[in-house]
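Each of the next two complexes has chain A plus one more chain, namely chain B in the first and chain C in the second.
Up next is the complex of A and B:
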């Protein structure tokens, strides 16, 4: 499904704006290198490609069929896919259990099972893999940015959350391995997806939006296995009573009690995100940062107030401000001007430039009493520029400690932020985001070592 | 200080990069229309203007003197300002109590008091007022965006937090009335500033970053008076033990217990922000939204999952999902396609366009069982474009209920977000930000009516 050599698009269309038009157009624009078979009963050619009236007319092996036709017509087409020995299917179409059509959805499941043909959806966006250039989404190319290739796989029961977060993944500079939007989970469900991602070597970190797991016991089993190998960050929609009702009418999920889910996630060893920001921030930290050795954080800043707020955030996250070694203090005192107090947070003062940051980082680089670093670089100040961004990237390259940068602002800052993120340095907007992400790294490291 | 007709810049310089160079350059570039007197013992002309060796040589009334010279030289210069009958002073220079030079700071205070010359700082960025075009900040113009003119005044004890938040105020499309960075609060302090903003008719909303208030009793008194007239959102740096220590070495603030401050803020009727994001989000909601009549929220969305998360956020914020009137339900059923379930959250489904939003909003516009609105517009979907942005702006113009839009994403979304914010419609990234901001509006409205 994720590495197909041939794809049939059932419902492919010549009419701009139609789902079947956009999906095919995306394939052509992304230069997907496998074979593409547009299927449509009306047209001879679609967007310049030869079209087929039925999947059974193709006469060659089809690895993946993407179905984007009205719900009522899906079972018959799925049956044809089975007969044509299609190897996997994504059903984009909605109009099944989520609107009460349980019988229609059951039919779909029984056909998928009969032909042993893994079927994703219905009521979903399908899959995306920037390596194989597969993309079954019906979203116009200009409306969301494409993430770069990387190690984070994103599983979303909701298409809307999926497309928004995917767009934000690109914006945050996070590298994507797989995107899987699975909607009603009629045949392929979260358990199957987790089993796949457990084995997938391109996937280093998993982030998940889920509304409900049908096979609770199996989910717990596979979840435990996955988290032992790779970090999982999860957010559940429908944690309140009203939210659970909304989730049911969205993906026909039976929410179960929030406490029960929380317990399962904790037993698995997942990081629990309380909102989408956390999902992105924690995922970003896991994607780029090594395991911390302990809970002691050093904070370096060119803004005193932001240093104060970060100190509060470090403590609120359950971490500790590091007490620097005597050696570090001595070296810092030698290297820093008298306006800089040698303490943690280390306030390099508003006129700090690249050199002062380099000197400060170098002075503490071998300090065994420091486990993690938060470096605040406020680019509104006179001395902070692209050279400072480069200095932080350089330091990070030779450091084995987790390090997060805090920079917030408009265009000038955003540009320098992108420079750093392109080089694999995670940059966050807020002290709380940075400190909480470091705390999650530590929690997961303890879980892996069996300390929790 | 904020509406000066003449400004002296003491320490003005011809050397690019120097504080006194940047401050003067900013005045010239912002086309400040009052008189400017550069003061510097060395040069005859500075950046093309006639320079004076001393403030006493100017011979005309000076409304504001901005001092940016080494700390040790400040008292003598301040004395000269007093003799020259300067009406107010901003001391940018650092190097006083925050580094232990309490005696030097006390000297400064006694001179300011002797001449009854209100003196802001030291160790601060000073003031900015986009109406009078006063700007004493020494930050390069290209590094931070300028906020548009509006009703939000921002008071920051920290210069770094000040400049970052100012940059974010511009990015978020919030209109600024005054920016006041007051540093060590040696002479003019938070009590004086609040008294000024209480009376200032251009200020409709106040947001504050504070590290400590020296005159607790007076602060409580003026705080109560201010909050009765205008909403105040406040964040305190140094809420943890380690943070309080950091705050002391930053602005020499004595933090006091976090509980004590919390109690004072609550007694005043302030909104308490737990991070800088809250400060901006709450401030933005207060700046644009009317008082809500009750706690019942209607959520309209083109993404089911985001609707679920927003339902959770509404409940977590202590608000309620509205139960629509029978009339609204009837009209919605008539206007919406069958794929749309008539409920709250109202999921207009992924193919919703401008028209569907207009129809839905129109159907519920007179519903007395709805107090507030959250409209989710995910621009990654095929039907959402600038016409949808315009539709939301149109609806808002004729509505008397608080309404917040949620849109998150990269460039395409950001552009449409700016379109809406330019028309005074607040747009937020996350469900929690939107719901928590509405909850603060309601809390403040109850406080004003004496219900709390």
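Up next is the complex of A and C:
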């Protein structure tokens, strides 16, 4: 489904704006290297390609069929896919159990099972894999930024959350491995997807938006296996809805259905995001940062107030401000002007330039009493420019410790932020986002080592 | 849904190594006075028709003298009439300590869940609890305790942590191996020298 050598687009269209038009156009524009077979009962050619009346007319092996036609017509077409020995299917079309049409969905499931043909959806965006240039989404190129290639796979039950977060993944400079929007989970469900991503070597980190798991016990089992190998950040939608548990005991009145999901995520060793910001921030840190050895954070800043706020955020996240070694302090005193107090947070003061940052970082680079680094670079100050961005990237390249940059601002800052993120150095807007993300790295590292 | 009879429930949890305070059904006030000996006791009217004993005024606490016990027995018998048939259970008073809740329920999605939290009257007020799917590992039990805001209070600054872990693992085993929809051990009184389960409710 994600590495197909041939794709049939059922419902491909010549009419701009139609779902079947955009899907095909995306394939053509992204220079997908496999064979494309547009299927449409009316037209002879579609967007310059030869069209087929039916999937059975193709006569060649089809690895993936993307179905974007009205719901009522889907079962018959799926049946044809089965007869044509199509190897996997994505049903984009909506109009199934999400609108109460369970019978139609059951029909779809039984056909998929009959032909042992993995079928994703219905009511979904489908899949995207920037490596194989597969993209079954019906979202216009110009409206959605596509993320760069990377190691983060994003699984979303919801198409709307899926497309928004995907756009933000691109904005945050996070590299994407797979995007899987699975909609109603009629045939392929959360458990199947997690099993796939567990084995997928291109996937280093998984982020998930989920509203419910169909097979609870299997989900717990596969979840445990996945988190032992790679970090999973998860958010569950619908946590405020009253859990439908008839409570006769204190236990049942405390522990409803949402609490059960929370318990399962913790038991798996997942990172729990409380909102979409967390989902992105945590995912971003896991994507680039190594495991921390401990909880001691060094903060370096060119703005006193931001340093203070970051100290608060570090403590609130359950981490500790590092106490520098005597050696680091001695070297810093030698290298820094008298206006700089040698302590943590280390305020390099408002006139700090690239060189002062380089000197400060080099003085503490081998300090064994520091486990993680937060470097605040406020680009509004006179000394901070792209050379500072380059200095931080250089330091990061030779450092084995997690390191996060905080830079908040508008266009000038944004441009320097992109420079750093393109080189794999994560940049955050706020102290809380940075500190909480480091805390998640530590929590996961402890989970992996079996430390409570 | 049916409430499991108290002494059967006490026997069941004891077969999983979970201790509850010594208790016995009593037929009359003298019976209760004999059971009490020099210790204080608690009297509870038990009926399948009254799921919430304290709300229905069916618990008498801190009875120490024969007079107290006789008066409490008489009053309890009167109150319990509308819940007939009923029985009166006498329990040795547990020494005071920190009250926790250990519980569980059957979840339609994930199966049996086990819970630990700050107990007694604090259950609803603070909602400080941790939950996992059964069966739990020792790592899970440790994590559950660490998840509680009240962990230092509940574990006496870590001194009783191992004991509570064992209790949770036993409760997880009890839940996994028996048919029950809900379990409340609340309160469980934790002390420096051990713990006592003071009330047991098993719903099947």
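FYI, the second predicted complex is superposed on the first by the 437 of 452 C-alpha atoms of A that agree within 3 Å, B and C clash if a C-alpha of one lies under 4 Å from a C-alpha of the other, contacts with A are read in each partner's own complex, and residues count from 1 in each chain.
FYI, a residue touches a chain if its C-beta (ideal position, glycine included) is under 8 Å from a C-beta of that chain, and two chains touch if they have at least 3 such contacts.
This is a predicted model, so every value here is computed, not measured.
Judged by the touch definition given at the top, the superposed model places A:103 against neither chain B nor chain C. When both complexes are overlaid on chain A, the residue A:413 reaches chain B alone and has no touch with chain C. Judged by the touch definition given at the top, the superposed model places A:450 against chain C, while chain B stays out of reach. In the superposition on chain A, A:251 makes contact with both chain B and chain C.
Among chain B and chain C, the chain that touches a larger number of residues in chain A is B. When the two complexes are overlaid on their common chain A, residue A:41 makes contact with neither chain B nor chain C. By the touch criterion defined above, A:431 reaches chain B but does not reach chain C.
Touch criterion met: A:145 reaches chain B, while chain C stays clear of it. Within the superposed three-chain model, A:306 lies in touch with chain B and out of touch with chain C [touch as defined at top]. Once the two complexes are overlaid on chain A, the chain A residues touched by chain B in the first and by chain C in the second are 245, 249-251. If you check the complex, the residues on chain C that touch chain A are 1, 51, 101, 103-105, 107, 109-111, 113, 115, 117, 123-124, 127, 129-133, 136, 139-140, 142-143, 146-147, 182-184, 186, 201, 203.
Interface residues of chain A, counted against chain C in their complex, comprise 212-213, 216-217, 220, 245, 248-255, 257, 259-260, 262-264, 266-267, 450, 452. Residues 17, 19, 22, 94-95, 98-99, 138-140, 142-145, 156-164, 166-168, 170-171, 209, 211, 235, 237-243, 245-247, 249-251, 274-277, 301-309, 311-316, 321, 339, 341, 343, 345, 347, 349-350, 378-382, 384, 408-413, 429-432 of chain B touch chain A in their complex.
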